[in-house]
Amino acid sequence: MAYTDRVKQILSWYPSDNPGTLTNLARLLNTGTLAGTGKMVILPVDQGFEHGPARSFAPNPAGYDPDYHIQLAIDSGCNAYAAPLGFLESVAGKYAGEIPLILKLNNSDTLGKPEHPMSAVTGSVKDAVRLGCVAIGYTIYPGSGYRNEQYEALRDLIAEAKDHGLPTVLWAYPRGSISKEGEQAIDVISYAAQISAQLGAHVIKVKPPKDFLEQAEAKKVYEKFNIPTKTMSDRIRDVVKSAFNGKRIVIFSGGESKTTEDLLEEIRQIAAGGGFGSIMGRNAFQRPHDESVKLLKDVMNIFKNAK
Amino acid sequence: MAYTDRVKQILSWYPSDNPGTLTNLARLLNTGTLAGTGKMVILPVDQGFEHGPARSFAPNPAGYDPDYHIQLAIDSGCNAYAAPLGFLESVAGKYAGEIPLILKLNNSDTLGKPEHPMSAVTGSVKDAVRLGCVAIGYTIYPGSGYRNEQYEALRDLIAEAKDHGLPTVLWAYPRGSISKEGEQAIDVISYAAQISAQLGAHVIKVKPPKDFLEQAEAKKVYEKFNIPTKTMSDRIRDVVKSAFNGKRIVIFSGGESKTTEDLLEEIRQIAAGGGFGSIMGRNAFQRPHDESVKLLKDVMNIFKNAK
Amino acid sequence: MAYTDRVKQILSWYPSDNPGTLTNLARLLNTGTLAGTGKMVILPVDQGFEHGPARSFAPNPAGYDPDYHIQLAIDSGCNAYAAPLGFLESVAGKYAGEIPLILKLNNSDTLGKPEHPMSAVTGSVKDAVRLGCVAIGYTIYPGSGYRNEQYEALRDLIAEAKDHGLPTVLWAYPRGSISKEGEQAIDVISYAAQISAQLGAHVIKVKPPKDFLEQAEAKKVYEKFNIPTKTMSDRIRDVVKSAFNGKRIVIFSGGESKTTEDLLEEIRQIAAGGGFGSIMGRNAFQRPHDESVKLLKDVMNIFKNAK
Amino acid sequence: MAYTDRVKQILSWYPSDNPGTLTNLARLLNTGTLAGTGKMVILPVDQGFEHGPARSFAPNPAGYDPDYHIQLAIDSGCNAYAAPLGFLESVAGKYAGEIPLILKLNNSDTLGKPEHPMSAVTGSVKDAVRLGCVAIGYTIYPGSGYRNEQYEALRDLIAEAKDHGLPTVLWAYPRGSISKEGEQAIDVISYAAQISAQLGAHVIKVKPPKDFLEQAEAKKVYEKFNIPTKTMSDRIRDVVKSAFNGKRIVIFSGGESKTTEDLLEEIRQIAAGGGFGSIMGRNAFQRPHDESVKLLKDVMNIFKNAK
Amino acid sequence: MAYTDRVKQILSWYPSDNPGTLTNLARLLNTGTLAGTGKMVILPVDQGFEHGPARSFAPNPAGYDPDYHIQLAIDSGCNAYAAPLGFLESVAGKYAGEIPLILKLNNSDTLGKPEHPMSAVTGSVKDAVRLGCVAIGYTIYPGSGYRNEQYEALRDLIAEAKDHGLPTVLWAYPRGSISKEGEQAIDVISYAAQISAQLGAHVIKVKPPKDFLEQAEAKKVYEKFNIPTKTMSDRIRDVVKSAFNGKRIVIFSGGESKTTEDLLEEIRQIAAGGGFGSIMGRNAFQRPHDESVKLLKDVMNIFKNAK
C-alpha cells in the first residue's frame, strides 16, 4: 500500500480515534490513482434515490445498472464508491475488496415534501460492516428546521461506526432558513464545514462556495478582516481553514452538470485552494463510459500535480 | 496536587456524590494557576459551532487550529478547557492528561432558526469518558418554549455522568419568553442559577447580571427587601447566594468582547462579589496569543487575591 | 489493488460469506509481494507468549521490540502480520493500515502444565475490530482431551467474527492422545485440515506432514488406494486435497529453525504440492533483519513462480 | 409442490408446532423423487469429520470436493442433503434453494479419545438460518456417560430451532455402557427411538436393528409378549411402533458399506417394516457417481412402491 | 501537571489506547515526588486480605486503620495507593482526588486452599469508576492450573476498563507447577513479564528476580547467548527488555521485609537496571510512620537520580 509521510500526517490529525477507524481512513487514502497523495476522488451515486431514475440515468442509460457505477469507479481509479443500501447490496458480494465502499446511510427523495429538509435513514452501521464498507456516509442540512434531529442521529451513528472501526464522511448541504443563493454563500459553506468537523466527521463534503455572503454578522467580519472571497481558490482556502485549519479532509462536489472545461477549471481552483479532492457524481456517470473515465483521470491529475 | 482546606470545604457541599464524581470535581479545582484556591478560570471554545468560524476565529486566525486553544489553556494556567466533540477529538489523544477537558454535550448553531431556543445534543457521556474528560458541559435556555425538554434531557445526562464519575458544568442562558434586556436581568440570572442548582449542576455558568429587574413579582420583592443590585459585585453576591447560599460553584462569562480594562474591572467586581471564577472564550482567544495569556493570568491574579 | 482472476476464483469458494468477510479475505490476498497470486506468506510472532522471551528473542535481540516485527513484515512484503493482543496493541495505532493484522485470539504458555493441551482465549473479536485487523486467528489441538471445548469456543468466535466481517485463520496442531511422531503424520495432518475446514475456517495452518501413518484404519486406506506420501510435495497434495479438494486456503509453518537451504527446499516442495503459502515465525525473526528479509523474499519468489 | 393427503396426515402428527416449523418439515417431504409420498431419502456427508478424509473420500476421490455431494443429492433426487458447517458453507450460497439442507450441529472426530462418547457442537441454529437450511441435525449417544449433557444441549437447540421455524433431525446411536453387539440390539434401538421422540425430534435416524436383545429386563418382555424380531422387517416394525406408534418419522442408515444386493434387500425389509426412508452416506458417495445415482434411485423406487 | 517529554514518550508506547485510558496513565505518572520522571512508587496494602490482619498490621498497629495507609501514601509523595474494595470504600469519598487510587480487583486469602493458586474477583470496573480510581489492579499466577481462567477473566476486565478510560496494573506471580525457588527465577520472571505485556497490561509488577534458571529450555538459551544474570541490575535489565523492550512500565515489589540498607541497595540495583519503580507494601507500612515516610522518600530519590 502507498503509505506516505503525507498519509501519516493526515492520520495524525485524528489522535483520538481507535486503530480500526484509522485503518479504514488509511484505506480510503491509499486506494486508486491518488493513493498516498492525501488527495481523493470519490464517485457517489445517490441521484437515483434523490432525483429519480430518469433524471439520473437517462442521459447515459448504462447507469441504470448498478454494476456500471462500481466498475466506472474502478476503471477510473477512484478512491471509493459511495451509494445507498440497494446499490451496494447489488454489488458488494460480487466486487468484494475491489474498491473501498461508502454506505450512504440517509437519503432524501423528491416525491415527499417534508416541512423542513430531512432525509430518511435508510441504512445502518451493521449494514456497512456486513457489506465490507470502509466508511459510513451521512447528509446534514444545516439551516433546516430539523437540523438538530439530524445532528443527534449523526452523533449516535458516528459513535456506533467508530466502535466498528468505520470513519464518517459527512455531506453538508445548508438548506432551509437560508436564501437560495445563500446555500452556497462562502460564509455559509465555511460555517457548514466547521459544524461538520465539530460534529465529529472525518471527511467533509460541501459544494464549491460562491462569492456571496449570506449572514449580516459574518459579512461584517469578512469585510473587516479582508478575508478574500473573489476567486474560487480564495474561497476554497477559507472553507478548508474553517475545517480545523485544514486538519479535517474537505472535498467538494461538482454540483450541477456543466461543460468539461468549466468543470476542470473549477477543479484546478479547488486544488489550488488546498481542497483535498472531489466527489463527482452526475458530471461523471451521465457521460459515456470512456468520456467519464477520461474526465475523472483528468481531475485526478490536477489533484496529483497540485503542490 | 494542591489539596487545601478550601477545596475540602467545597467538596463537602456535594455530600451525596460518589467519590468518582468528587475526584473529578477536585481535579477541576486542583489544576492550573488557581489550583487549591477554590477559584477557577476555564477556557471554552464553542463559538465556531455557535457563531461560525469567521466570526470566531478571523480576529486571531491562529484559532482556526484546534491545537491552538488547548495549548492556550495550558500556557495560561487555566483550570480546564471546554469544547464540543470535534475540537476535543482533534486534541484529546495528543494532549492526554495535560489539562482537564470538559465536553460540551449540546450546541446550537446560528444557521437554523428553531421555533424556540434549543441546542442539539452533539456528544455523549460515553464520548466524554472515552476522551478522558473530567466533566460534561450542557446548556439550558430557561425561558425557552423547549426548556422542559432541555431539563429532562439534562436529568438523564447528569445521572449517566455521575455513574461514570463525571460532574456537570451547566451553562444557563435565559432566553425565549423574556425581553432582550431581561436575559441579563439580576432577578432572571439569579433565578437561572437557582434552577441550575436544583437541576443538579455541580458548576453553574451564567452571564454577569445587569441592574435591571425583568419580572414584576420579583421586582416587588427586591424592592421590599432592599436587595442591593446597583454594583456588579452586589449583583454577583445575589447570584451566588441564589445558588444554594454559595454552596454551588458559580462562574461568569465575559460576554461580548470589550476593552481589556473594562473586562478586568468586571472581573474585579465578580471576585469582590464572591464569584468563583470566569469562563472566558472570545475575550481570550480572539486576541494574539501572548496578549491573551497575559489577560488570563491577570484575571487569575484577581481571583487569587480576592479574599 | 491487484485484483486477479485467481483471487476472484478463491473468493468464489466461500459463497456463503457476507461481503465484509470476503473483503477482508481479499485484503489478505491482495497485499504484499504475493498480492494477486492467490499465495500468501504471513509473519506470526506469538513465541514470546508460547515459549518465553529469551527462547524467542535472544537469538536476534531486536525482536524484543514489538515495532521490529511489524516493520519486518512490511519490509519483506508479507501478506499479513499475526500476533497476540499485547503485541498488536503496541503497534496498531502507529502503523494503522500499513499491513493487514491478524489477532491471535488464544495462546498457550509453557509455564503451566494443563491436564490436556489447552490455550487461553486472551483476545476478543471486539479487540480485533478495534485494532483494525483483517482476520482473527485461533489454535485448536485436535486430539486433545479438551478439543471439543476448543471447537465450541471457535464456533462462537467464527460466528461473531463473520458478523463483523472478519474471516478466521485456524492453526491446527494435533496433540494429546496421539504419539509424538504422529503429531505430524500425514493421515493426522490431513485429518486436522479436514476438521479445520468443516469447522468453518477460511485459512488453515498446519505443520508440514511427515511420511508416517498414525491411525491403523487410515493406514489401511492409504495403502489400499496407493495414496503417495513419499515426498513432501506428495504429502502437501494430500493435505490440500483434504481441505475441500483445495477449496480452502492451506498454509504451512516452517516448524523448528533449520538451515536456510533445508528451509527453502521444504518451501519448494510445499509450493510444488499446491500449498497456498507459508507462515514463518522463528525461522524469520530469529535471523538478523536483512537476512530474514532476504529469506522471506526468497520464499515468496518460490511461491510466485510455482505454476 | 406435491401436497398429498399423506403429507397432510404426517404434518397432523405435530399439532403443537408452529406453522414455520411445519412448513420446513413439509419442504423436506415435498422435494425430490419421493415428494408427496411421505417417504424420504437423505444424503448425509459428515464422514470427513467423523472418520477423516482418506477413509471417507479415497474410495471415490471426487468426494474430496464439497460441490460433489450436493450435486449428487440433486442428481439422484434426494429429499435433502445433510452435512457439518464447513461443507454447507462451501455450497449454500452457490446452490441456494436447489435442495433442502440440514446442518449437522454436532460432530465427533476420531483423533481425540473422550472419556465417554461425546460430540462437539460445531454449528449453531443461527448458522442454519443464515445458510437457508430446512432443519437442524443433532447426534445423541444414548448409553454414554455424557448422554444427559447431550439431551440438555439438544433441548435448548430444539427450542431455538423451533423459534426459527426449523424442525430437528436426530441421529441416535446407542453407545457407551452397552456391549458392542448391543449397540444395534432391537430393544436398544427401539428404546433409542422412543427417547428421541420424547426429546422432541421431528425426524429420527437409527441404525437397522439386529435380532439381539441387550437388556435382561427388556428380553423378558419381548419373550413374554412374543414380539417378533426375527426378520429385519419385524424389527423395523418394532422400532417404528416405538416412535409414537409411527407418528414420528423414523429413517434408517445403511451402516457399513456392503454389496449392492445386500443393501437393496435391507432397504426392501425396511420399507416392508414401515420405515419412512433411508439416510445413506458412505454406501452412496463412495461409489462412482453414476453408480451411486443409480443406487439411490433404486432405493427410492423401493420406498415409492412400498404400500 | 508535570508533563515532560519522558511522560509523552511513555504514552507513545500505547498508541492503540483511547485518550481516557492515556489520561489516567498520565495521572499515575504525573503525581507525587516522581511526577514527570517516568518513574513511580506505589503503596499497595492488600496484605490484610492476603495474610490476615495480625500478620499485616500488628508490627505497626496504626495500620489497622484504613485512613493510615492513604495518608502515608500522600505524606510520602507516592504516585498512587492500591488496595482491595473495602479499604478504598473506607477512604475514597473522604480523600477524593488527593492521590490516584488503584482498585485491586482480585484477592486471595490464606484461609482457603484452592486446588491451584487462584484469587477471587472481589471488585469490579464499575466499583473502580465509582470510587474515582485511575486504574484497576489484577493478579495472575502464571504456572497455576487455573492460569487460563485468570487470563480469560483478565481479558474481559481489561476491555471493560479501557471502555471506562482505566489502564490496568498487573501483578504477575509465577506459582503452581514451578519449583519454590523457580518462582523468582530470572527466566520465569522475564517470561511472566512478557505474558503480562501480551495480555494487554499497561503497568506490570513482578518480584525482583534471582540468579537462578528454572526451565531447561530457557537455561540453554541464557547460556548460549550469554545473557548476564549475575547482578540484580543485570536481571532487572532482562525483565524490562522482556516487557516489549522496555516499552511497558515494569515495577518491582520489595518482597519480604528486610533491613533498610538491604532494601535500598536492592532499589539502587533496580534503578540501575532500568526498572520503572517500586511497589512497596509491608516494607513501608509495617514501620513507624516517620520511618516509612523517610524510607519511601529515599527510594524515590534513588529513582529520581537514576539516569
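Labels A, B, C, D and E are assigned to the chains in the order they are written; within every chain, residues are numbered from 1.
Here is the rule we go by: a contact is a pair of C-beta atoms (placed from the backbone, for glycine too) under 8 Å apart; a residue touches a chain by one contact, two chains touch by 3 or more.
Remember, predicted model here, so these are calculated numbers, not experimental data.
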_Joint neighbours of chain C and chain A, given as chain labels_ = E
*Given that chain A is a copy of chain B, what angle of rotation, in degrees and a multiple of 5, matches their CA positions?*
70
*So what's the Cα centroid distance for chain B and chain D, whole Å?*
73
*In whole angstrom, how far does the Cα centroid of chain D sit from the Cα centroid of chain E?*
59
_Interchain centroid distance [CA atoms averaged], chain B/chain C, Å_ = 57
*Using the average of all C-alpha atoms in each chain as its centre, how far is it in Å between chain A and chain E?*
50
*Residue numbers in chain C touching 2 or more other chains?*
92-93, 130-131
*Taking touching chains as linked, do they make an open path (line), a single closed cycle (ring), a hub with spokes (star), an all-linked set (complete), or other?*
other
*Give every touching pair of chains, nothing left out.*
A-B, A-C, A-E, B-E, C-D, C-E
*Given the complex with chain D, which residues does chain C contribute to the contact?*
13-17, 142-145, 147-148, 151-152, 155-156, 159, 174, 176-178, 187-188, 190-195, 197-201, 215, 217-218, 221-222, 224-225, 227, 238, 241-242, 244-245, 247-248
*Residues of chain A that touch chain E when the two form their complex*: 15-16, 18-19
_Can you tell me which positions in chain B touch chain A when the two form their complex?_
48-49, 51-55, 58-59, 61, 64-66, 68, 84-94, 107, 109-115, 118-124, 126-127, 130-131
_Interface residues, chain C side, partner chain A - complex_ = 1, 3, 11, 18-27, 30-31, 92-93, 96-99, 129-133, 163-165
